[in-house]
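Down below are the structures I want you to see.
Shared between the two complexes below is subunit A, which has subunit B as its partner in the first and subunit C in the second.
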Partner chain A sequence: MDGFDASAHYTQAPEDDKPSLLVLILDTNPFAWSKLHPTLPLPRAVASILLFLNAHLAFSHANRVAVIAAHTKEAVFLYPSTHPSTNSETSVTDDSTQSSNNDPLRDANKYRQFRIVEDEVQASFRRLMASTTPDMLAGTNETMMAGALSLALAYINRLSLASEDPASGGATGGNRTANGTRDADVTSMNARILVLSVSGDLSTQYVSMMNSIFAAQRKKIPIDICKIAGETVFLQQASDATRGIYMQLQHPGSLLQYLMVCFLSFEMF
Partner chain B sequence: MSGNIRGFGYLENLPPITFRRLYQQPATALAIFRRMLPSLAKVIVTTLLYNDVPVQLGDLEALVRPESYREREDAFSKLRRLHIINETDHTISLDPVFRTNFRLALTGGGDHHSFGVPCPPSDKKSKITIPFLDEYAQRKFEAILHYMVGTHNDTKPGSGVISLLVSSGLMERQGTGTQAIITKNGFSFLLQEGNAQIWALLIQYLDTAEELGMEKTDVLHFLLMLGSLELGQAYSVNTLTVTQRAMLADLRDYGIVYQRKAASDRFYPTRLATTLTSEAGGLRSASATIAAAMGDKDAFSDAGKGFVIVETNYRIYAYTNSPLQIAVLNLFVRLTTRFPNLVSGRISRQSIQEAIKMGITADQIIDYLSVHAHPQMRKNLVVLPPTVVDQIRLWQIEGERMKATGGFLFKDFTTTQDFEDVAKYAEELGVLRWKSTTKRCMFVTRHEQIADWLKRRAAGAGKK
Partner chain C sequence: MASVKGSASYKKKDGSLLLLKDSVTWTPAAPPGAPASLSIPIPTITNLQATPATTAKVMIKVFAKTTPDKDPEQYVFTFTSASAARAEADAMKEALTIRIQEVKSVSGSATPAAGATMAGATSAVMGAAMSGKLTDWSKARLETDMELQQSLLKSDVELTMTFSEAVLSGAVTAPQFWSTRTHLLRAHAIEREQKRGPYNVLATIKPKTEDGVAKMAISQDVIRDIFDQHPLVKSVYDENVPKLSDQQFWSKFFTSRLFKELKGEKILPGDPPDHVFDRYLNKSPEENSRKRRKIEHVPRTIDLEGNEQNLSQKQGNRPDLTMRPTKVDNVPIIRTLNSLSQKLVDLVAPADTDPNENEDQDAYYFASQTLLDLRGDPEEERIILNIRDQRRFFSGEDDEDQNKVQLSAGMDAGVVLEELKKAMGDGNIDLDAVLPKDDDSDNEEVGNNLGGKIRPSDATKQITAAVYDRRSQMLHTGGYLGASELTGGLPLTVFESVQLVHATTNEFLRHFWSAFLSGDEKRAADITKLVTGLGNSKGRIEAIAKTADEEKEVERGKKKKGAQEEYRRTGLKPKRKSTEVGGGRKVVEEILGPVMNAVETALTKYQSALDEAEKMGAA
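And now, the complex of A and B:
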């Protein structure tokens, strides 16, 4: 009797279950962070961000993250890192260097994907901070926000191209997952940019900023802004034009809660 | 999934005490969060995760747009059924055990080793590579499928697998000692995608394991943990419980884990294991993933990749020589010619209706064709010709003059108002099939949410 019943399952068309790619841009302007230190020290902010990234990854097996630091003079990828030394540390799955400096029992307490992201973000962050000398900072107070946005858009574009052509998929993020499922599941991916901003606008970046905003608008990539300190009109425009979320934090100390409640959900229900 | 095969969703019906015990392991909490919750429920969980005080239910509901009412109710009911949330009097909070362990999973703290203890690579590690594991998993799992369709294959599945297939009703024995033959359920099992097939087997395994005196939660912990392991990495057997070690032997037979020797102190999860907790939609099918990973170098991989071309004139060309694929196609295609690397045939009203008589649904056929569509067909925006898809559906409907829906009758409402409220709620959920205002009774396809709602409403009324 129920042999032919095709409607037995109770489905609600899970069309929103596309994997999503989150590109997080962290404003690492040292001046702004030193001002913020009493309420939100940078290490704590980084810890909150890592936890937030883990939560994003926990949402779905196929979810991806990327982290970009918008520093004073440059915008660099924190994850996936292009630095050769971290690649050899984290990408090879069964190398001996890793097991020698990591206690296997410690590894057993953490989901591997989380650990890879965390280790790499922390390592490249440390490297970025070590390379920032007081001389370099003298006389500047800028943040390469426009550069970071372009990097993020370029990265998203590259991943979506890779998904259309599985043959080149392996070349894009060699150290992503060793599970090898990427070819099958990046085919239709939602992408989104989240900016954690602590500093103000720079009028010199206006043109490139607007270009990025228009590109994002065209590609339907929302730019969410989590404004921890400072004032930016550009970023307000960015989130408005791309239908992202703009939020000025009232209590920067509870960054984690803001991130978990407001910035995690991809679609608004 | 469909038919009488119980899939992953079966786990929802476990008793509360089992869930509480499952949540004691961070890896399990993470796997359940990831695999079993709808996305809105995930958002609710993360919202509550770092809130130590209970949140007003109204506040949480305000987060959701009013027009997404149905998703919201679905999310809450899932969370309740999985015992992830505790509700008291209009406030809501996460189950403390779940909260603690899910936090541990995200932060990576604690001392639970629930994500598996990796082994340092052995001297002979060069032998166990990812392609080797893929090949092993594919060989083992295909052996099961081949056995089901009765094709000859070099490797015969273990006796444990065979008795599992029989006890799950996928195959049956006509008399003792005779060769088991495939049942209707078995055919629709074959048409499911890989991940669903594995879960269907594992759920069955879970039931038999209990009869053998294995602890159910232990078994589940292990299965869900497997999903979070890393492919190509060896894991230590020493931290496993006795039950879990006993399971290894069985899982080896399914191709889910690999061990060099039965007494080896390490095991390797295969791709079948590491994709266990991936969402079904994310993977086209485990075999396709394996084939993609293995590339063209193996003849086996042709089986998993797309090989079927469907033309608008209902002709089908399948570039395959695998007896398994041909047997599956033969379920709903009238095959006419066979060449060394190609079979061709056509879909007809008769062939489809024969398949439907065997318990295969039109959707399963369409899914199978689109999953296995040839790369050449994937270049089109619409993978399968719409005429063929529509016609297959129409052929199914032809036989359905009368449609049976399993469900539940609600009757004996005290007031019309009461009846209307419940009917409205059921309609919003999309479970209402039929109602009669004069008789004050209605027929719904699912009752859990409504019963839940009635209970809560009664509790709310009692307090007022």
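And now, the complex of A and C:
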């Protein structure tokens, strides 16, 4: 290729130290996880994810995370949770969480931000599982990936707008008054979406998937795919179109290793 | 070939023009049944001209060279049909062009040395095209324009290779070849028609001063451009050059204050005075000004002369602020640049105006001023497509889906959910306990060794491999890799033939599918030919694979010998890796695999269609 200069990759100016936002989409299809149980039990996967999130948060105190569950019939936020009971208790306010036996704010052995994320993700995950009935699972084998992606994009958009505006900045959850009139192309945060996918078959969501992908492409939000099991063409397309990383795990048991090595750093290219 | 006919007058006598197989004949109408009085054999025609579509008179001019050393003779035919003169002329022109092209291309390919014939043919075609419409980039025109094709082939080496491989071997005819590449021809034609416009000459000249004498090399073209853009220089030149030598004139000019003034630079008191050129300083701009392009017709809509009576200056007002002349001496460059830009624009003949359209310009300006958005939205003519079952469009995933359905169907939703809930437990997970440990300690904890033993090295291997892949891809596009890495270990010659076969096979495939899917019975013969071509491609790939293997053996032998010599010399056993050789059949088949698949698919489809046709025929 004439005139194509690959050295641009190396001479790139160092990244500015904008805080980064990581939105993790976890595919929570119960069947797929049950099938994965022999190689990667769910608790271990959740623990790996939590450690990974902690690592991300540890890079900068301004870094943010969000976790979205792509469930069989719905896509819900695991963190920051919109659940009314925990929202008042566990977000940045000074109350204790309902589930933890010791007050997270008084736990001297853990960074407070880690504790909050861990507690809330697990609590909302259990809540999600508890609210799932066997009837809801009958006949479905797909996950609401497109919905989860849309949620993620909307969240990123809102947060980057909110953090631009000092008046409304700082609030992670709950704050619904996003300033829609601001120029959305100027973002004050680097945002990225990481999808942990365990199931295949998204063909019925083709149109909405593609719309999300194009939106992410336009906003320059990379979609990284960590494919633990299953096969989906659309997710490959998603990472390709948005310059994200696609990794099909050959050894799902080493999830933590994959996450830490492949998906931790921002702006690889 | 059907003959083309048109009623046309020749030398002011009515008659009819007839295109026969190899000649153009004109028969006078006056005595009915008279024999053809004029016959121009097609091979002698060197040029063809037609009046543009916009003129009222419809004429075709044919240039024919009957004897090689005489100037071509001209025959002018005026089409006289009251109703269909234009249509008849167009049909005649087109048919003639095609006939000429055919005749010439036959004789051209038979005797490639006969360049004169070729040039004649192309100029005939070009002439016809040029005098028709400049922007005629239609498919038919491009595909018959041999000169254009030649020049495109000349500028694109890869295309030339494909062309020679596909066309000169006879598998695909030239028109077939070009029919799938109209876009290339069109782009090339447009590219060729673009010309470089004039530019600010003086600004590009940077005189170098050595020992107080300006030295520079200026070409004849540059001088001409300077004279064009600055008539003042021309007059200075005319007045002074016999006295001064040419060389002296220019070297003095480029250091003079006049040069600075024309360039729009500030004249500094320190600039050396020059008795020749300083006389011309501060000449009134009118003297220096060029002739304005004469505008013959100003459309009424934009004619400012109509505003004379409204001019407030006539009532004694000062001109508007923007219209008052200011002291521009401080910023001469602005004035210079403005006047120069105007000159440059005037030097270019307008390409987008047609003198015939003058009458319509008023209407055009009126039309462009109407406010279209006040008219309301035009009715949308969209067709709503309803996709009922999107799943069907992704047939590749069908098998996967079915497996999946069975998998989840085999499991009981309730059980699955309970299991998951139990696994997650009631309280928070102890991250430390759940994660796998480095050593064998996970055997001790019964509850947590479900995932089996985990070897981090496995994952590391995959990740490193991916990183290597990525790196080599990046280096690939950057052209940083050596030849053998680029070609997958194949020798360069083999790799080149792989590329060539790939290109040709694709060419065949393209033509095959366009013919196969056209449903045109006339192309059946083409298809059979293309199918044999495809079959041959398989043989060719096989042959390349064989050479690749042979080359690999040779290379390996060489390396082994080298390694043995090294061993003899140093007494060290060479590493095994150094004798390994890449390439060979495997790589070739890997590279050409997709193409092979495509060929197979094409052949199978063809065979099944053939069987069906035979069945139909039998029934």
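Everything below uses one rule, namely that the second predicted complex is superposed on the first by the 221 of 269 C-alpha atoms of A that agree within 3 Å, B and C clash if a C-alpha of one lies under 4 Å from a C-alpha of the other, contacts with A are read in each partner's own complex, and residues count from 1 in each chain.
To be clear about the criterion, a residue touches a chain if its C-beta (ideal position, glycine included) is under 8 Å from a C-beta of that chain, and two chains touch if they have at least 3 such contacts.
Because the structure is a prediction, the values reported are computed rather than measured.
Visitor: Considering only touches as defined above, state whether A:Ala62 meets subunit B (first), subunit C (second), both or neither.
Guide: first
Visitor: Using the superposition on chain A described above, determine whether A:Asn109 touches subunit B (first), subunit C (second), both, or neither.
Guide: So A:Asn109 only meets subunit B here.
Visitor: Counting only touches as set out at the top, which of subunit B and subunit C does A:Arg218 meet: first, second, both, neither?
Guide: It touches nothing on subunit B or subunit C.
Visitor: With the two complexes superposed on chain A, say which partner A:Pro30 touches: subunit B (first), subunit C (second), both, or neither.
Guide: second
Visitor: Let me test your reading of the model: by the given contact rule, A:Met260 touches which partner, first (subunit B), second (subunit C), both or neither?
Guide: Only subunit B; A:Met260 stays clear of subunit C.
Visitor: According to the stated criteria, A:Glu118 is in contact with first (subunit B), second (subunit C), both, or neither; which is it?
Guide: In the superposition, A:Glu118 touches subunit B and subunit C alike.
Visitor: Once chain A of both complexes is superposed, is A:Leu51 in touch with subunit B (first), subunit C (second), both, or neither?
Guide: Both subunit B and subunit C are touched by A:Leu51.
Visitor: For subunit A, which residues lie in the overlap of the subunit B contacts and the subunit C contacts?
Guide: 1, 4-7, 9, 51, 99, 118, 256-257, 261
Visitor: Can you name the residues of subunit A that touch subunit C in the complex?
Guide: Of all residues in subunit A, those touching subunit C are 1, 4-7, 9, 30-31, 33-35, 37-44, 46-48, 50-51, 99-101, 118-119, 122, 125-126, 129-130, 132-135, 137-138, 141, 199-201, 203-204, 206-207, 230-231, 233, 247, 249-251, 253-254, 256-258, 261-262.
Visitor: Considering only the defined contacts, which subunit C positions touch subunit A in the complex?
Guide: Within the complex, subunit C contacts subunit A at residues 390-391, 393-394, 396-397, 400-401, 404-405, 407-408, 411-414, 416-417, 419-421, 423-429, 431, 434-436, 448, 450-452, 454-456, 458-460, 462-463, 466, 474-475, 477-480.
Visitor: Give the list of subunit A residues in touch with subunit B in this complex.
Guide: The contact residues of subunit A facing subunit B are 1-10, 12, 14, 16-17, 19, 51, 54-55, 58-62, 93-94, 96, 99, 104-105, 107-112, 114-115, 118, 166, 178-181, 183-185, 256-257, 260-261, 264-269.
Visitor: For subunit B, which residues count as touching subunit A in their complex?
Guide: Spelled out, the residues of subunit B in touch with subunit A are 1-4, 26-27, 30, 33-34, 38-40, 42-43, 46-47, 49-51, 63-65, 68, 70-72, 74, 104-121, 125, 130, 184, 228-234, 236, 239, 271, 274-275, 277-279, 281-284, 288-289, 292-293, 356-357, 359, 361-363, 396, 399-400, 403-406, 430-431, 445-446.
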